[in-house]
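Structures incoming, each one as structure tokens.
Both complexes below contain subunit A, partnered by subunit B and then by subunit C.
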Partner chain A sequence: MTVSRGNNLKGYLFILPALLSIGVVFAYPLFQNLYFSLLDLAQAGRPFSGMRNYVLMAADPLFWTSLRNNALLILLVPVLVVVALVFAVVLFERVRGWRFYRGVMLIPYITSITAVGLFFTLFFQGRGILNTLLRSLGLESLVVDWLGSTRWALPAIMVVIVWREFGFGAMLFLARLATVPEELFEAARLDGAGWLRRLRNVVVPQLATVIEFYVFIMIVTMLSWVFNYIYVMTLGGPARSTFVTELYIYIMAFRMQKMGVASGVSIILLLITAALAFISLRFRSRLLAEYE
Partner chain B sequence: MKRTWILVAALVALLVLAASPLFAGGQGASKEEVKKCRVWFWGEDEAVGITDWMKENAALYMKQHPEESWEITHIDIDAIYTGFKAAVEAKDAPELHTAWSGLNTLQFAFTGEIVPVSDYVSKKVTDRIYPAEKQGAYWNGKLWNAALYLDPWYGMLNRKVWKAAGVDSDKFPTEWKEFVAALQKIKAAGYVPWSAGMKDGYYSDFFSSCMQYAYYNSVDEMHQGILGQTSMAKPPHDGWWYAVAELRDKKLLNDDVMSLSLAEGIDRFMKGDVGYSSCVQPQATMARTTLGDDAVDVAICPVPSKAKLAGHLPIPTNPLIMPAVAKYKQEAGKFIEFYLSAERQNALYAKTGVMPATDQVDPALMKNAVDRKTLEWVKTKACFTYQEHLPPSIMESMFAICQEMVGGDIGAKEAAQKFEDAVAKWRKENPKDVEYYKKWAPEAR
Partner chain C sequence: MNAGKRGRQAGAAAAAVLRQALLVLATVLVLAPLAYIILGAGKTKLEYIRNPAGLPVHFTLANFAALLKDGMMLLWFRNSVVVTVLAVLLSLAISALAAYAFARIRFAGREKIFNLIISLMIMPPIVMLIPLFVLASRARLVNTYWSAVFIYNGLMLPFNIYLLRNFFVTVPEALVESARLDGCGHLAIFWRIMLPLAASALVTLTVVSVLWVWNELLIALIFLQKNELTTLMAGLVQFQGRFRVNQPMILAGVLASMVPMIAIYLAGQRFFVRGLTAGALKGE
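Coming up: the complex of A and B.
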């Protein structure tokens, strides 16, 4: 019994450095943030303000606009899956020049978001590349100030996000497809299954866990990793039409000096992301069980 | 064994002694007494050469005060408030830090994050700063920042474009209708009448600050609107919304106004095919450098108003504040006195071409008509700056509403109402700030 207790203690000692670093890097900022969200940081002495920051957040239409935009971006996830899947399957079929396309496809993903954002800002600007192209083709009626219009700014950003992010999914799917036994495809072919049927009955089931993983990563991306796109391309404008939750946190904290509200929103964002992660993990374990 | 322990103990004792300040005192006493002071400031983006001037200040000052070392750091415009907040939070703030004036400075006074400059700088020196620069920076009878240079906020025009369009720029319109007619002529001649950039929202500041003050008889009228005694959706507060809407409706703004940032909108003017843009004096200086002395003139934007302040000029400033956690405040005060001396102020103008903040600049130094005109206006036409009297947290709303209006989604009436709603929301959510505002307003006259 004593020996077992000693072993347990030893085990805890072994993981202590990791626990400490997690505590310093994650737990401390998290609890500090939670604490800040309950204070009025804009006042001298930082008095306790209870749930006031959360009430202010809930009463701010911009917070809801930001959340709505994040939700709209999440709608991109199925689009990303389909685009990535199509590219992966086409490349898996080893079309002519597939090695070249495989390399090219990953370039957007490895390019920094700032560089991508700057390029597409010039592309979509009122006097940008796209409009110049449209004008030269005599399509003047289609010319729009894409990033300067409340109607088109978010869709333009969505296009850029799909352009940059699908490569990662395609590579994931391609890597998984490469490990699927060739016999499975062969058997399907012998059974007379066409391309679409093979896709539905062989490829997709084989990719199920990878797709699920990609979906999860992309949902988290759409919630917590789109700040750079928005900041570089529109700064949340025009007229706040492209605000997302991350930008809302940034603006609240550093432009409007409402650090408490910013802390509250970051807690809410974390909770939403955690909830989605939980659902995803449940789904994943069910999927794995079915697969086994 | 015992001897070994004694040796080890002696060695440790020696090491501790060697590291102690008492022991080190003999060798490095003078080094330790050097007070390390820091300035984190912004300005190079518009006042080209100001970093060199600041470094020159530090070098000259250190010659006079060898017991102090002054480190000058130019910071990014986006890091002004984030950097200040982080430094204060870490209790490692510089002795002097950039902030804009009015409520932009005082928001930190209200929270106790800065100390009054007037506690450390002699009245003799602060008295030389132009009164308009200090207006709005007083609180509890004390001055909370020290101007670095002036930012007269007016318009710049390209005389060549005006001439090519058949409009006499020497007779710059003093009435709004004439001004709009001139811009229409410029447009008809194939030029861009007015260049701006709304992407980051900051140009809303330019529109409002260069126009709205002229609808008031005094700054008190603006304060009444902010405090809810009058509606910001009604005259005189709504004037600038209608003026900007007219520019939009008559297509007098550049067609890519919504996708350009403030800086890009101003840069558009530098291309030489634009008639007019709002600007601060350092930007007009840059335009003169780019387009030539004979091409660029400055003007006060007329608005359809007969109020007392029409025809005046808002003159904000780029000042420095003193963080409360800074270590050497007395020294910082002396450093301010040094850079506000006549010799250093004239050196500032000579190096950068921006308007010094005190009345000591030698007019003979001004070789161009634009600067001479500006100096004259600084002395005779100065009035308050709208932006400095607007609570900072309302600005973000103003940016968005102005974007919405310039983008064509709403009209002037709706924009003014939305702005009134934003101000009312600020009052509701920030009762303490409203109290501060009420207390500050009489001092900000």
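Coming up: the complex of A and C.
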């Protein structure tokens, strides 16, 4: 087919509304952020301030705490992969009632993080459900104000994240397993391969690309899609111990009126995400090449 | 029967029991919070303080009645419905047109533009929010439905275009060719052939889009700050402070906010599964 001028015009007309929306919602903000991050927005006339916002950011310990907490959340990714993989494999073996179980696994994922967070705040609070249960089991010594302790708040949030997110991974893996040719499992079974060996030699290699996709999506999630959990459960506390990068941007921009610094942090977050996407693409093309 | 075979059978039976036990445990862990939300929402303030973890002595609907009487909850509910419906419709219309062009019209730069758009799928919203907020303030669009609707629409476009384009590509050329011979232009082919064929893909997209917009918090917090304009999610967060000593009300609000999504999920589970896995499985 040749590219004719008439086709060009028609094609552009069809995509014009999409390009306008994307231009306003994605393209403009990305460039504007870069520009904002180089200005002193607090002063009249918004003079150019060079790298000042970035220097301020780097000098703020809270920025580093936030980044560190995102890094700690990324440690959840292997946990999520293993939990999701176990459930996908168990469900795939057509255990009695597997449809019901599959339906149940996804319920946390379709529940809003806001609702989940509000519930778990009550669950973890000093006189909350968890502590009441611990007391009634005679485990008084384990009672802690979970979200009010700098030591336990982040781990408690991590539990909630795993609770809500694992079903998505399990569903992804299960959907991919359903497309694997039955002969592969049959052959392994005839070879006398045990459950664990089948998992290692058949399941994991067959799922390699989708696991890789999930790992990438989850790293990006832990880095830049956890605002909602933190905002509802701790708002970064206690003593700023659960701050994450998104919350830092939000507080800087909308509570502290430091838009320039917030723009700078946005740029940093964007660069990290883009770098991860680039690495993932390289990794993925290598994986695909191996299986070709 | 030889010993080895019997041993293997016993092993298989043990494995089956183990698997069931694992799944039952997981089901309990998944459903327990939901059970607590429902039970807690049916307790009185005093009973919840005395007994947060047990069964209610008598289940009361008074908290739900109080929510309805309060009025704000209904208003937020309505706002969420309006914003969700408008954003999803707008995004579907815009993405269907674009996806058709990416699948069926050859134009210069098509692949480059398409790849650029789908690469935006992972872009975290927080990165765009500051300039969008400044822009919306200047245009006096903060605290109007339109700012939130337009931003939701834009954020959903990359995924929607990607999914619909993948569908449109699979429509057999013969169907399109016969329509073209009848004198149909692109718009007629799009409207009369492609959209009806895409019905199931459109339902899938609608379901995952509705889920996302309904549950979204950050954009609602920033662009719908006025209490009477905000969505259910942003409104609910205020319950934390407001009902510090009357926590069953928080749980009643949480439950009410979950009901629509659970209803849609139960009605169309397969669309959820299809929509949520679309990015991963076709992306290979």
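Here is the rule we use: the second predicted complex is superposed on the first by the 270 of 292 C-alpha atoms of A that agree within 3 Å, B and C clash if a C-alpha of one lies under 4 Å from a C-alpha of the other, contacts with A are read in each partner's own complex, and residues count from 1 in each chain.
The rule is simple: a contact is a pair of C-beta atoms (placed from the backbone, for glycine too) under 8 Å apart; a residue touches a chain by one contact, two chains touch by 3 or more.
Model, not experiment: these values are computed from the prediction.
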First (subunit B), second (subunit C), both or neither touched by A:254: both
First, second, both or neither for A:128, with subunit B first and subunit C second: both
Contacts of A:220 with subunit B and subunit C, given as first, second, both or neither: second
Touching partner for A:14 - first (subunit B), second (subunit C), both, neither: second
Touching partner for A:58 - first (subunit B), second (subunit C), both, neither: neither
Which of subunit B and subunit C A:145 touches, first, second, both or neither: first
Partner contacting more residues of subunit A (subunit B vs subunit C): C
First, second, both or neither for A:187, with subunit B first and subunit C second: neither
Touching partner for A:110 - first (subunit B), second (subunit C), both, neither: second
Partner chain in contact with A:275 - subunit B first, subunit C second, else both or neither: neither
On subunit A, the residue positions that both subunit B and subunit C contact, one per complex: 121, 127-128, 254, 259
Residues of subunit C defined as touching subunit A within the complex: 15-16, 19-20, 22-23, 26-27, 29-31, 33-34, 36-37, 40, 49, 51-53, 93-95, 97-98, 100-102, 105-108, 110, 113, 117, 119-120, 122-124, 126-135, 150-151, 153-155, 157-158, 161, 186, 190, 211, 214-215, 217-218, 221-222, 233, 236-237, 239-240, 247, 250-251, 253-254, 257-258, 261-262, 265, 269, 272-273, 276-277, 279-281, 283-284
Contacting residues of subunit A [partner subunit C, same complex]: 1-3, 7-8, 10-12, 14-15, 17-19, 21-22, 24-26, 28-30, 32-33, 36, 86-87, 90-91, 93, 95-97, 101, 103-116, 118-123, 127-129, 132-133, 136, 163, 167-168, 171-172, 175-176, 179, 195, 209-210, 213-214, 217, 220, 223-225, 227-228, 231-232, 246, 249-250, 253-254, 259, 262-263, 266-267, 269-270, 273, 277, 288
Footprint of subunit B on subunit A - complex, ascending: 42-45, 56, 59, 121, 124-128, 145-150, 234-235, 237-240, 251, 254-259
Subunit A partner contacts - residues on subunit B that touch it in the complex: 81-82, 85, 107, 110-112, 198-201, 255-261, 392-393, 395-396, 399-401, 403-404, 407, 409, 429-430, 432-433
